[in-house]
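Just so it is clear, A, B and C label the chains in written order, and each chain counts residues from 1 on its own.
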Amino acid sequence: MSQFLVKEGVKNQIRKGEKLVTTHCCYCGMQCGMHIRVNEKTNKVVGVEPRYDWVLTRGKMCPKGVTAYQTVDHPDRIKRPLIKKNGKFVESSWEEALDLIERKFKGLQSNYGKDALSVYGGVSMTNEKCYLVGKYARVGLGTRYLDYNGRYCMSSAAGGFNKTLGMDRGSTLPWTELEHTDCFFMAGSNTAECHPTSIQWFWRAKDKGAKIIVADPRETATARVADVHLDLLPGTDSALANGIMHLLIKHEYVDNEYVQERCNNFAELKEMTAKFTPEYTSKITGIAVEKIVKAAHIFGKSPRSVVMFARGAEQQTAGVDNVSLYTSMALLRGQIGKFASGVATFTGQGNGQGGREHGQKSDLLPGYRKLTDPKAVEYISGVWGINPEDMPKPGVSAYEMFDLMLNKTIRGLHVICSNPVVSSPNINHVYKAMEALDFLVVSDFFLSETAELADVVLPATTWAEDEGTTTNIEGRVIHIRKVVEPLGESKPDWQIMSMIAERMGKGKHFQYNEPREIFDELRLASKGGKADYFGVTYEKIDEQDGVFWPAPAEDHPGSPSVFKEKFATEDGRANLAVCDWKGPAEVKSKDYPLWLTTGRVVFHYLSGNQTRRVGFLMEQCPEPFVEMHPELASQYQVENGEKVKLTTPRGDMIVPVKITKAIRKDVLFVPYHWGKQQAVNQLTSPALDPTSRMPEFKVCAVKLEKLTK
Amino acid sequence: MLNLEKSFYSKTSMYSFITIVVLFFLMWMSTAQFLHIDMALLGYMIGTAVFAIGLCIRMSFWIYRTATNRVAARSVKNLFTKERIKRNAKSLTITLIDNIVLQKFIFKRGLYRGIQHIMISWGCIISFAFTFGLTFGWFRFDLVDPDTYQMVAFNIPLIKMAAHGWIAEIFYNMLNIGAVMVLIGASMALFRRIKDYDVKVTQRFEFDLLPLYILLAVTVTGLALTVSYDFLDGWMHPHISLVHQITVVIMLMYFPFGKLFHVPIRPLATAVPMSYQETLKVDTKSCKSCHQPYSNDDQIADVQAILKAQSFDLQLADGSYLSDYCPSCRRRMRALKQMNMEAPKGNPYGPVNTNNGIHLSGFSKKRSEDFYGIEQDIKKDLGEEKEHEPVSR
Amino acid sequence: MNKIMYLEFERCIGCRACQAACRECGDHDAKERNYVEYVDFTESRQTFPMLCMQCKDPACARVCPANAIQITDEGVVLSAMEEKCIGCRNCTFGCPFGIPKFDFEKNKMYKCDMCYDRTRDDIAPMCASVCPSDAIRFIDFDEMQQLRRKRTQMNLVEGKKPQEGNKWDYVPEFFGVYTDSQS
């Protein structure tokens, strides 16, 4: 198979002495297509070339994507296992590191039981690895305590989709259809910064006359060009959605035939939304009545619309409610399952979609099977070759794991592909939990803030040093190619997990020579589940520009659009959400009189462990800042660039001010990509959504103080 | 001078004529009325004469360019201004040492490039100096007694040296040393030009590679002469000598017209510290719009004069010129103009309007609101007429 | 070869991918030559990209005392030739659009050359290739004309400010270097 895929009529620059390897970006869920330039003589990654013919992104990249290749040969890479001796990391051999891990893991398990160990996974890695994390925890270590950073990312979307539609595929339509859409309703998504390459589709639709409605406390680059910008207060999404539905019903924009045929609970919904008059909604959300009315009319009159939402609406204690309500908006209009219309969430992490389908979650098994379902346990036990009784029971969610570490239920932790001491809420608490551990192993390719706390750091590979598949924002399974050999003694995560499992005496369940074998096992494991990958093969992905799951049979071409005939619920009908508005867990008070919300900037990715090491990105955005409205700045007498202190009941930080009118007057915004003293997550609220266990990153009350000189 | 100029076809020809006359006068003087002329060097002499004329022509053309003339004229004027003596001396010294002798800025572009360039430049300067000196007889070595040479410059006897002493050895081998330096430098340059993708992007054969080949040809044949003379008992010596002579003449003729012409224009670099920037990176003129310093009054005056002389009309409605604004403000003005967002119209100092209601929203196309008929609906809903902004703030 | 660089400022989302990409081009020495700037961050997040117009008779070349700025056969205005440039920065101040940049360390001027190593082979420059919002495009001359015509029409349909007389003031910027045959 050729390493360099290009369609006829597409010209790329190939320099002499170099070759191109076709792959995708390692960062967000867009998974932009790219070719990596490799020097043929030295076999080193030297640059990037746009992949003009990738259907979804057409060669477009954001600054993170353009510079992604620079992390491969980065001087900060960990090349050999590190063991902490007397508080300092010492390079060691794999043999020594594995010996230590084996001794400690076995010791902890024999003294405190199997569940004394835990695994904390991540989804910025391939499906093969994500799948194996689940198997590694449950078979290799035999522990029930397993969860992953997707809990902070996608779990509310998953919960909401499962509740309303019965299946959690991030987008019900392929995004290449978006240009034909008439109206986008985007809630809590800073699309232009978090998924820059998706903008081409929205702008193209706009060129054709599409309307854009954006709900966001900040006037983001998308909100700036929106027809209506609903500048809501953080944490009031469910009120807004109810208010819009109230108007949809009032003005008879409801697709009655569709709702009658395909949805439950319409009467209850009608009753619930009755009180959400524009005036009532406006009072809760802080949006002008005119804007709510205008948005409802535009949305109601548009023949084809897509409702989209992201972390802004999801990272709340009412995250699942918000997702269900927004999804119900699309259902009322009869949009789901039709051309260029539907509902979608913006997947934040590279493999946020695939990573949550294959059993990295505390209560899920591969193929979106439930761990509480005996049939599922039996089937997966069969695939894994274990006794169904040996299958661990469901554990707890990511943030709750830290509580168990503090009370010594969990004594050993293996963190794979994540940096929880930056990305978790209330990280002062998380630091304490990590320090309470008896033994911490971290697999990473840079020394992240979490890795600094570890007893053993295992050198993992970057995305360019291993083959595999990921599932992008649309639910399209795509192919990541191996570009170069691993640097130094680093090894791909699947090898690391297999080696530890071997030491734990479970080697026979982890006999893999290459990722393809893991993928074949994953296909089998997901067969018959909701996220059915059985019909997906590497060859098919290359042939037809990715395969959309579900693909239940080998000759199945995949399903770009879902829910065309029926929904994935038991009765095949969608459940309209009937949820009242519940305020956020923390409300502003006399001591903490302002709202704080967090988010991303375009130059950094998640905890910044990778992007904070790239020169260009750091030049553009070297440190966090707090955005505030000039009116607020004048009340506190602070100037642009001045440093201020932000305090919540959980912690405080000092950040420079950026003044702009493009934010609500009562809201502060701080990006979260930095660790330690610069981490806004010292301040954020750990209140969890009752269903999805997603923390409320997006809303908390905060105090602003001017520093005395 | 004016009258004299009229007797010539052009200024350029006048300067060329004067140069040649001076050249041969010096030769006449230093060879004791052509007594000590070395006939073996006749070819070189003619080549050098052509070289001098060529250089003269090129320099004249260059100095008459509007931009060059203006910058050079200001430098000359400043040079003879009494108040600036200290600054001038400092500028000249710094430029001479940093820029020309040590070539520091090239080393900052890369050690490899620095070594390569200093080898070529100093190799060439040594060789040129020696060749010209000998060709025109500006200096010669006379045998005083069997063991002693005397150096004679411009017919004035200078130092004496032992025929086999180390000073003499250095003098004998001066050309060889120069040649070896050029050989190393030019090979390094050629290697870089063949290997490095980045240089190849804008490189042109006739401009970038040809001079290297010519330099190599000269040095290789020159060194071959030494090899033949010292080690091979003069084998093929006359032939090699002829070939060498041809390559040197080609190089001399090429010099004023190709890449090597950058050498005589380099001294203009003094203009920067002398007229524009006394301390590097410190600006004194501030932008008309944002009031940040971005340049120097003299420089902006020069730039405006140069542009005006060449009929560039970059004046704004209020009488200011685009060059009165810092580059960043100029970029913003262009974008604002383009988006028709300057406000109040045409006033570059006015506050910025970031939404003119035309481009935002809808890029190439905007579906009218009445397509949806929502205006009426909204009004009906609200029961009253209210102004609302299309984009919230 | 008859392609145009087409800039639509208001599409820009300020991601600066074009600047990151600019560093990747051949002979760009890992330094970006284009700009992305806020119109006024206090007022809004509107940003705009800015590149060299590749003027037919460039002011930068005309104010250069060393005659160091060359124009290729195709019409691309190149960075000052390193051997000639004396580092006076006249080009920076002469350019009406504020494009040329100057490296004090290496004592040389550098500017956008439309990714000469790509465009001479008919491959889109890096900035236009990666721009996620299509604020920078590298398109056919005909497509450009069509876009501009459509734009003026739609502006008029809106019945707002532009009138028949000034409608062309309201269409985006374009510039090309290979257009002699058709413009």
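As a working rule, a residue touches a chain if its C-beta (ideal position, glycine included) is under 8 Å from a C-beta of that chain, and two chains touch if they have at least 3 such contacts.
Since the structure is predicted, the reported quantities are computational estimates derived from the model, not experimental observations.
**Q** Indicate, using Cα centroids, the chain positioned nearest the centre of all protein chains shown.
**A** Given all protein C-alpha atoms shown, the central chain works out to be C.
**Q** Tally the contacting C-beta pairs at the B-C interface and at the A-C interface, and name the larger one.
**A** B-C
**Q** Centre to centre, by mean C-alpha position, how many angstrom separate chain A and chain B?
**A** Chain centres of chain A and chain B, defined by C-alpha means, are spaced 55 Å apart.
**Q** Return the distance between the CA-based centres of chain B and chain C, expressed in whole Å.
**A** Each chain reduced to its C-alpha mean, chain B and chain C end up 26 Å apart.
**Q** Centre to centre, by mean C-alpha position, how many angstrom separate chain A and chain C?
**A** 36
**Q** Please output the residue numbers of chain A that touch at least 2 other chains, ranges allowed.
**A** Each of 15, 203, 219, 224-225, 661-662 in chain A touches at least two other chains.
**Q** Spell out, as numbers or ranges, the residues of chain B touching 2 or more other chains.
**A** As it turns out, chain B has residues touching two or more other chains at 197, 360, 362-366.
**Q** Which residues of chain C are in contact with two or more other chains?
**A** Within chain C, the residues that touch at least two other chains are 10-11, 26, 43-44, 46, 117.
**Q** Quick check on the complex: what are the chain C residues that touch chain B?
**A** Of all residues in chain C, those touching chain B are 7-11, 26-29, 35, 37, 39-40, 43-44, 46, 48, 50, 59, 62-67, 72, 78-79, 81-84, 86-90, 92-99, 104-108, 113, 116-117, 147, 150-151, 154-155, 157-158, 160-162, 169-170, 172-173.
**Q** How about chain B: which of its residues touch chain A in the complex?
**A** Touching chain A: residues 197, 360-367, 371-374, 377-378, 381-382, 386, 388, 390-393 of chain B.
**Q** State the interface residues of chain A toward chain C in the complex, per the touch definition above.
**A** Per the touch definition, chain A meets chain C at residues 11-13, 15, 47-48, 50, 52, 59-63, 65-67, 192-193, 196-200, 203-204, 219-222, 224-225, 602-603, 616-617, 620, 630, 640, 658-662.
**Q** Would you tell me which residues of chain C are touching chain A in their complex?
**A** Its residues touching chain A are 10-11, 13-17, 19-21, 23-24, 26, 41-47, 117-118, 121-124, 126, 129-134.
**Q** Going by the contact rule at the top, pick out the chain B residues touching chain C in the complex.
**A** 62, 65-68, 70-72, 105, 108-109, 197-202, 259, 262, 265-266, 268-269, 271-272, 276, 280-281, 294-295, 299-300, 302-303, 306-307, 310, 312, 314, 322-323, 325-332, 334-336, 338-341, 352, 354-360, 362-366, 368
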